[in-house]
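In the part that follows, the structures are each spelled out as structure tokens.
Look for subunit A in each of the two complexes below; its partner is subunit B in the first and subunit C in the second.
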Partner chain A sequence: MAGQDAAAFPPAARPGWVGRLRRSESATGWMLVSPGAILIGIFGLLPVLMALKLSFQKSDLLTPETPWVGTRNYRQLADDPRFAEAIQHTIVYTALFVPGTMLVGLLVAAALNRSVRFISVYRTAAYITMAVSTISEGIIFLWLTDKDYGLVNATLNVVGISSQPFLASTSQALYVIVAMTIWGWTGFAVIVYLAALQGVPVELHEAAAIDGARPFTRFRTITLPLLSPASLFLMVWLTINALQLFDEVYLTTRGGPLHATTVIVYYLWDQAFVQFNAGYAAAMAYALFVVIVIFTALQFWLSRKFVHYS
Partner chain B sequence: MNKRPFARIAALVSVAALTLAGCGGGGGGGSDSGGKTKVVVWNGYEDVQGKNLTALIAKYNNENPDVEVTQLVSSSDRVLQKVLTAVRGGTPPDVAYMFGSWSPNIAKIPQVVDMSSYVNDADWQWNDFYEGERQAATVGDKIVGVPALVDNLAIVYNKALFKEAGIAPPSADWTWDDFRTAAKALTDPAKKQYGWLIPADGTEDTVWHYDAMLWEAGGDILNSDNTQAAFNSDAGVEALTMLQDMAVTDKSVYLDTTNANGTKLMNSGKIGMLVTGPWDLSSLPDIDYGVQVMPTFAGSDAGHQTIAGPDNWVVFDNGSERKQAAVDFVRWLTAAEQVKTTSLATGDLPTRESVGSQVSFQKQLDKNLPGSSTFVQNLSNVKKARPSLEQYPAISEAMGQAIVSVLLGKAEPAQALDDAAKATNDALSGG
Partner chain C sequence: MAEVEYRGVSRRFGEIQALHDLDLLVADGEFLILVGPSGCGKSTALRLLAGLDKPTSGEILIAGQPVTRLGPGERDIAMVFQNYALYPHMSVFANLAYGLRQRRTPRAEIQRRVRETAVLLDIDGLLDRKPGQLSGGQRQRVAMGRAMVRRPQAFLLDEPLSNLDAKLRTQVRGDLKRLHLELPVTSIYVTHDQVEAMTLGDRICVMSNGEVQQLGTTDDIYNRPANTFVAGFMGSPPMNLVAGEVRGGVVRVAGAALADFSSPDAPVTVGFRPEDLRIVGPLETDSVPVRIDVCEPLGSHVLVHALVDGSGAESSPTKVIAQAPPGTTYDPGARVGLTVAPGKTFVFDAETGRAAPPPTRERIATA
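After this line comes the complex of A and B, so read on.
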């Protein structure tokens, strides 16, 4: 086919769009990425667009009739007390999880950024929490924090503190999940910070030391500013993940006790696959998408004040 | 002429198209091949259950050379989502194992075969299925499936802990007051030992424990025409107050708020009693346990009612030939002979009364897994079923939160149930 085409319309004789397309490099580029692009389009982009459509419909995922309801799903979001509660939990969680993970990650990375014996063993140990599956993480923390039989309470009892209900308490469960996810993500923050720390020029530290700067001052005035691109990346990345918290909640508290750990995505899942309100859940997903975009944009905007690229 | 972009685009597009076709076509199983009618069965059976079903299917294929039954095994929890996807894609299975709680939603899928036109034939022996099973398979005037598996709740207790506490084991005429006294006696904070453990995550697992108590106290979940909540009655308050007395006043109940610990703690001898189903028995190898029917309330003549959670084989319409073959297969699979074989091989309760009532069969079951026969007999104590309504998930959610709030000492029974009733009525009227 193509051979015949080429014979019938030699490139020079046909300067129209076909010819331009044939000569352009971008056409070749698109062609090369087309297998991946087509798959991503169908399995990634199309569902996203279909979810947008779904958010304006009433659908239980079961029946073929999906009547249009206009913006009803979105308006319902505004006066759903459980959604408001879920937003509040998500904000509290994100506000603790993101700085918590960055701080712990930075401290561990700083401790690991030196040459001592067995350093790669320590580094591997720090990263290994990332390799632990969320399911194992959930089960481990369930047992660690069990109110009667958990290791944490046993330790607290030894030092004279009475047993805490942890995940069984409406006031503590969310914080246990914060601790658990900080533990799970520390390895990630460590790797990013460690890589950035290795890029901090030794000469700067030496020069500052000669000028009489103490180690803490050097860390604050030299290391921290040079780590700021890494910090920005972590902040954005961790925030996006925190706003989408689901697995850990699903595996431990199932949003309880009494909705105390129901975060946005858990509530979304509950609406879509337990209560069968798929249209409403899709609207929630889009609301969350907008929030994430705003948050991320805000973070990049704020970052102009504290990120130094050289 | 070595640059031929169009040829390459054409090639790449066709490769992509083939890949996609490959992805899409694998799901539903093909049509007729070699003259045999295909029946594709989706189920989540593993281990002994899986082996048993595979053996039965092999037997059926042998006896019916014109039919080829094949299986697709995947987690039962996810079957609904997968079936929905397949239905949308136009390639539903012919038969799928579906949870009974999905029945009202399943009834709305157009491709689901209404079994009511089949099961009245004498060779189905429909009334031989236990009443609770038939109720759970019925939505309005439709029968959406055929009972595949049934279970119910009973007391499973640790014999050694009862002996240690110096109290008599549960008897068949126990009241909830007896249960409460025993739970209190079995509780020892020093040893971190509890009389009872209840799933307190507020899911349907919490709710059905309460349902059995509600019915036994003489109450109902909804009124007779399913238009209003009825659980906030005196009976409902009595049942929930009993839970409050044990969990909050006596502190004799381990509240399993994450619903992950029940059998493990029971098996390690930390819990005196569980109210659970036959599926947990095989997870208790380290203790000597007994099984007893549910307690009653003093003055109630409800007859130690329990609750059943039956699941169904649901048939889908893939053209008349495959539909008929699927219906025939399900009829064979759920006939008394196969029910008995399955029950003995797996320890699952028999779905048919004619099998369950055989004394020799019960003895055989007990030999495999002690206590099973009590669960079989307990099937006759299933008198009511949860309402088969689309709004049921919302009702369950409201009741679950009410129960947990009382168990955690955050609310009083009457108020909690009234709040839940309001949410229920909103769900029922709002659609």
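After this line comes the complex of A and C, so read on.
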């Protein structure tokens, strides 16, 4: 269309690149995105490149001398037992948080995908965890799991279980953070799954019902496969977020007790801004970046087997 | 295969009475057509039989057994949906096999039955494809195959051809008829297209506003319409219906005497089909005087649209359509007369719309 119009009514001829630029749609496009693109360049891309440089230097962020150390920071990562520990915590956390959030989100979305009275009230209630800031979330969970006054321990006491230390325990703290972040992300997973569920045609369920499939079989053989694009999206998105866990740890346990909740990004922050080993921390950030890229690629590769796009 | 029966079945949706006291017996192996305008309750009737919806009152029986309380999977029926509802993430083979798998059919038996059905429907080359890779006609056949492969007690088809283009529809219509002759399974076929209804069915059930208007053979429906609704709905174009009167044992429209009719003098609705009309000069005796509106040449014949001049009291003139030989042309506004072939005038009660006893018989009786 545009091509035909342009041929029928050629714009006033202008020689050279100025004329070409005026006519080109991409020039207009770049002009429209330039305010955002420039800001992203300055505050996003530039620090990324500076951090890459930093990862080959020694820096305490205070003194101006930042001598080159080559790959020493990266080699040091391999021999750091606390980094290995942080990786282990991150893997455990991710392996529980991602499937957990997806499962809870799916169950809640399935429960909300029907027309009953006040359904929008229930749906809003499910989304609301998204609107809660991480700080409030941290405070809520600190209160809930408090050893002496927490609601969770009070409830446990009622059913005859003694009070648990939760966030104060090396063996429990990480799992409390898993529970807390699943709670915080459920609203997001519910929205994604609910939207996908509404895209599953009712007739498919009816056809399957007539074919003799029971409700759970229908869910497994019809609904789940048709939700697979949403599942892939959530899996990738939640994994990327899980590998970068920081806020909740900072707000509740500060990586403790005894490093029990020190995950990669918390350790990175600790190295950069507490120990002032900024070069080492930058190397860690890049190692994490590579891991995230590999994970994401792996998930997309795996998804060819289970994701159905209609 | 089994007979299917509706006993006083009603379904309300809030204020809407979608189906009103339906009584219908479909014989074993019969191909019954449910036809009516959009929103008349056809799909509702089918969904109630399938178990996808529950009646407000009444009972549904399959093979003499009440099934009203059974779920859709326990009724042993199959349904072909308007948009086919094929499982988009499964191959054609898996689509066909799905119902058999749910019923724990042995693997070898599934293979055999799916292939057999696929060959019958000429889709055996498509078994590995996904529905998204099929044309509309192929999808339609896969949907048929999924219904047939289970050998159900009854087939329910809800406007299965409406998503096909006109040419394909005619072809598939023929295929359906042939399939039913080869495999006479009790079938209920829903359509809003009266041509489809006339060509396909053993019997036709004409519905309007949730109620049965007439149940009968193609011949009954066409030649003995029970009321003005059926007369005005079936046929293409349908029957012309104009205001007239019975006076002195004669049916008259705009003064023209069309047929003898022995009943008390009363205003009536007079019906005649386009193909039973002849266009004559405007002054011919006993012809209905009309003004030409427009001529529609269709190749094999011409449809002449005309307006019956009211008796003066009526505000708007009634439209009628006459079928004329090819080559017929008239200028818009030209005045001509219409005569009706002997015995082809239908008389309906002006108030209720119900058919008066057939005119032919009346004429023999009075002759």
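The criterion applied here is as follows: the second predicted complex is superposed on the first by the 286 of 310 C-alpha atoms of A that agree within 3 Å, B and C clash if a C-alpha of one lies under 4 Å from a C-alpha of the other, contacts with A are read in each partner's own complex, and residues count from 1 in each chain.
Quick note on the criterion: a residue touches a chain if its C-beta (ideal position, glycine included) is under 8 Å from a C-beta of that chain, and two chains touch if they have at least 3 such contacts.
Please read these numbers as outputs of a predicted model, since none were measured by experiment.
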Touching partner for A:Tyr149 - first (subunit B), second (subunit C), both, neither
first
Quick check on the superposed pair: does A:Val159 touch subunit B, subunit C, both, or neither? Answer first, second, both or neither.
neither
Quick one: is A:Thr217 in contact with subunit B, with subunit C, with both, or with neither? Answer first, second, both or neither.
second
After superposition on the shared chain, which partner residues are touched by A:Ala78: those of subunit B (first), subunit C (second), both, or neither?
neither
Partner touching more residues of subunit A, whether subunit B or subunit C:
B
Should A:Thr63 be classified as contacting the first partner (subunit B), the second (subunit C), both, or neither?
first
If you stack the two complexes on chain A, which partner ends up touching A:Val116: first (subunit B), second (subunit C), both, or neither?
neither
Looking at A:Leu204 after the superposition, I want to know if it touches subunit B, subunit C, both of them or none. Which is it: first, second, both, neither?
second
Could you pull out which subunit B residues touch subunit A in their complex?
1, 3-10, 12-13, 15-16, 19-20, 81, 84, 105-106, 108-110, 192, 194, 200-203, 254-255, 257-261, 265, 270, 390, 393-394, 397, 401, 404-405, 408, 410
Subunit A residues touching subunit C - in the complex, by the definition given at the top:
201, 203-204, 206-214, 217, 221-222, 225-226, 228, 308, 310
List the residues on subunit C that touch subunit A in their complex, please.
50-52, 71-75, 77-79, 81, 83, 85-89, 98-99, 102-103, 132, 146, 150
What part of subunit A is in contact with subunit B in the complex they form?
1-3, 5-6, 21-22, 27-28, 31, 34-35, 38-39, 42, 60-64, 139, 142, 146, 148-149, 167-168, 170, 252-254, 256-259, 273-276
